[in-house]
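Every chain is named by a letter (A, B and C) in the order it is written, and numbering of its residues begins at 1.
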Amino acid sequence: MLELKGIRKVFGGIVALDNVSLKLEKGELLGLIGPNGAGKTTLFNVIGGVYKPDSGRVFFNGEDITGKRPDIIAKRGLLQTFQLSPVVPPLSVLQNVALGYQRLINLSVWAELFSSKREKEVEENCLEILNLLGLARVKNEVVKNLPLGLQRFVALGIALAGKPEILLLDEPLAGLNADEVEDVMRLITRINQEKGVTMLLIDHTIDAIMAYCHRVAVLHYGRKIAEGTPEYVQKKQDVIEAYLGT
Amino acid sequence: MTPQLLLQMLVTTVGLSLGYMLIASGLSLVYGIMHMVNLAHGAIFMFGGMVAAIMISEMGLNFFAGIVITIIVFALFGVIFEKVIFRPLRGLWLAGFMASFGASLTMEGISWRIFGTVGKHISLPLKGVISLFGVHLSVERLIIIGIGAIVMIGLYYLVYRTKLGRQMRAIEEDEEAAKLQGVSTDMVSSLAMAIGCALAAVAGVLFTAMYYVDPSVGFLPMLKAFNLVIIGGLGSLTGTAIAAIIMGIIESFGGTLLGAEAAYGMTWALLMLVVIIRPRGIMGVA
Amino acid sequence: MPRSKKLFGILVLLAMAVPMGIFASPLYLDLLVMIWFNIGIVISLWILLRTGETSCGHAAFVAIGAYTCAITTTQLGFSVWIAFLLGGIVAMLIALMIGQAVLHTKGIYFLVVTLGFGEVLRAIWLKMDVPFGSAAGIKNIPAPEGFPLIIDTFHSFYFLMMIFSLIVILSGYALSRSRFGLLSTALVANEKLVAACGTNIKLCKTKAFVIGCFFAGLGGAIYASYLGFISPFTFTARESLYYVMYAVVGGPSVFAGPVVGAVICTTIYLLLYAVGYYRIMVFGVLLLIVMLVLPGGLVSLPQRLSGLAAKFKFSRGTPDHA
């Protein structure tokens, strides 16, 4: 469903990504791990159209989406969450999630001014997602007032509202305790299995990734050094070295 | 177009280009390091010329001493400006932009009040005419151009060959990384502002010596400087220089052939073209 | 402040505006006309400002409307009322073209480009005698047909300008309350996320730009008829900067901001006429002080006073994300 071929990205003098190739099958849950600075977030940015790769191609459902505008890629059904700025702080939870709805409707200024019928439809759909994520109670709270953990869920809600075919999650487990990690991973698995959303996750919580993901890929200094089932990757020599070396 | 006329226009072009380089470099520096658009730059240009004119023409100070004093005065002014206006508003660029606009209006207002409406001029200690290939070039002009060139060379040296310059470029490229390497943003910002204002003031002095100065003189050159900085590419001194040369050519040759307004309009049309085709400018970093 | 109180306050102000218009002496009447005009123009600018982009060429679009009105009435014999509408439409169409061409730029780039566009137009107006009249401009622009409607022509223009302003105010308000307004807020807060959600950012900004410039052109056309005259010196880069100033001084993050800014700044500017040479200086000092003390604009005063140290995040960030 998602295929990367030979992605290369250089910043200034630094090679962030070097000949990275990856394949993601429909319905899969793929974990992407690697030490800090390995290029994981850069890879996401390349897939999502934020960066244009210096060479290499990105294919989504057979279509070449390399370097296309982020909103066009989003409209194709590839959505992502961001680690550093995942939400719109000044808006409410409901408004944030409704934002995710953008890709499914057309924003026409006139329609917005005069039709409240759309509002109802959007709100109903968003409520379904809010319930799934346990955010229904706080739907009218301004997001920046919420604890970071909840904000993470809001970010997830925004992405889900767009009914993605494939979802890229950038460090959804960062800073969570063991219980929270369980909750989030179970939620992610549910979404993956019940809604059939293909997912690509970046995270540093290796145990969770190994436990829940179908397959795992490892990046190190911009290169993919391993890819396969969790068991296979865990045993691979290079991976162990990479992690011990940092 | 006689060769003599050509040579004259070449000299004019060089003079214009250097002048633009001086103003635009200051603007580019301030923006690149502090991410602040300084709308008071034109007022400083004007004030520089004014202050120098008063010192040199009315108080009889030596020309070269006058320039040096102007540089020092406005470098200090720049440090104060940064401390009082830009630093508290760091990160709020729109507020900083408007604050500098306020400063420029204030300076202009003071200028109208103190200096009146009559233009001032600076005469150089050396006068005379040199004949080159049958063309009469005024010595005054050549000296002015010479001083401008020296200042620009000094700037290049500062930015590309000194530690301060390296720090400045580091901040321009990646502020966070530079901070991690121990560069003091506060200090570099202060110095950048000092240099920027000094450059503007020097440009003003040279302009006054070449032509004249009155309180209304600063606005237009500043607008052109903005134009230049974008065409040349933000963060690149070389780009600014190239753009300044292009602008000098358009204004002198275009001005003679098509009229001043048309040439002026062309420089802005060029800006729009550049922005559409190559948004980062001639030598801008992507 | 609860909704009903706000509404009441606004109605009171409006109610005052009518007798003010009727009984004011000509000097104050001009001031009032300028206030209504500036409110309309600044709000039209604010529609774009709200999406995070600052245009330094808004006065140029006002001038486009003014020149359109001038040319269509004095040279083509159109009805002035039609000319008003045309002023808005022409400005809107040009904004569409320019927006499509340059709204991929942001921050300082967009700022300078709009500035440049204004200067290009000014050069064209200065240079071309036909149909723009070069430096002399165009004279004898007629008042709308049917004038005088109330008392006399001057007073009629007051009410006309007031109605124009109210139209822009209502439209601006409706827009800011709509999903478009929400999107604009989201854009400023987190553009990357909004794009990743499938929104065509450039299209959004272009829409805001086009709508804002329509009103600018409309206002300019009415103003041309009011003044009876238009030249390249009536609306320059300086006026563009003043409009930005009024919006920012008022407070660009809420709807009330530009209105407050326009009213206060216009009043001060015109009243300072008495101070002669000090006028610009005082104006500049006031701007400086407001920006240093209340970077979020005058509208943020209540928040500041109540001890909340939240600087309005609107103008945060750097302008060079091109």
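The rule is simple: a residue touches a chain if its C-beta (ideal position, glycine included) is under 8 Å from a C-beta of that chain, and two chains touch if they have at least 3 such contacts.
Nothing here was measured: the structure is a model prediction, and the numbers come from that model.
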Practice problem: Could you tell me the least number of steps, going only between chains that touch, from subunit A to subunit B? | Solution: 2
Quiz item: Which chain maximises the distance between its CA centroid and that of subunit C?
Solution: A
Exercise. Between B-C and A-C, name the chain pair that shares the greater number of C-beta pairs in contact.
Key: B-C
Practice problem: Compute per-chain Cα centres, compare each with the mean of all protein Cα atoms, and return the closest chain. | Solution: C
Quiz prompt | For subunit A paired with subunit B, centre-to-centre distance based on mean C-alpha positions, whole Å | solution = 47
Practice problem: Using mean C-alpha positions as chain centres, tell me how far subunit B is from subunit C in Å, no decimals. | Solution: 31
Quiz item: Counting in whole Å, what is the centre-to-centre distance of subunit A and subunit C, each centre being its mean C-alpha position?
Solution: 41
Practice problem: Could you tell me which residues belong to subunit C and also touch two or more other chains? | Solution: none
Exercise. Over in the complex, which subunit C residues touch subunit B? Could you list them?
Key: 54, 101-102, 104-105, 107-109, 111-113, 115-117, 119-120, 122-124, 126-127, 237-238, 241, 244-245, 248-249, 252, 277-292, 295-296, 311, 314-320, 322
Exercise. Going by the contact rule at the top, pick out the subunit A residues touching subunit C in the complex.
Key: 48, 50, 69-71, 74-75, 79-80, 82, 85-91, 95, 99-100, 102-104, 107, 109, 112-113, 158, 162
Quiz item: In their complex, what parts of subunit B are in touch with subunit C?
Solution: 31, 35, 37, 39, 84-85, 88-89, 91-99, 101-110, 112-113, 219, 223, 226-227, 229-230, 234, 259, 261-262, 264-265, 268-269, 271-272, 275-276, 279-280
Practice problem: Under the touch definition given earlier, write down the residues of subunit C that touch subunit A in their complex. | Solution: 174-175, 178-180, 182-183, 185-186, 189-190, 192-201, 204, 207, 211, 313
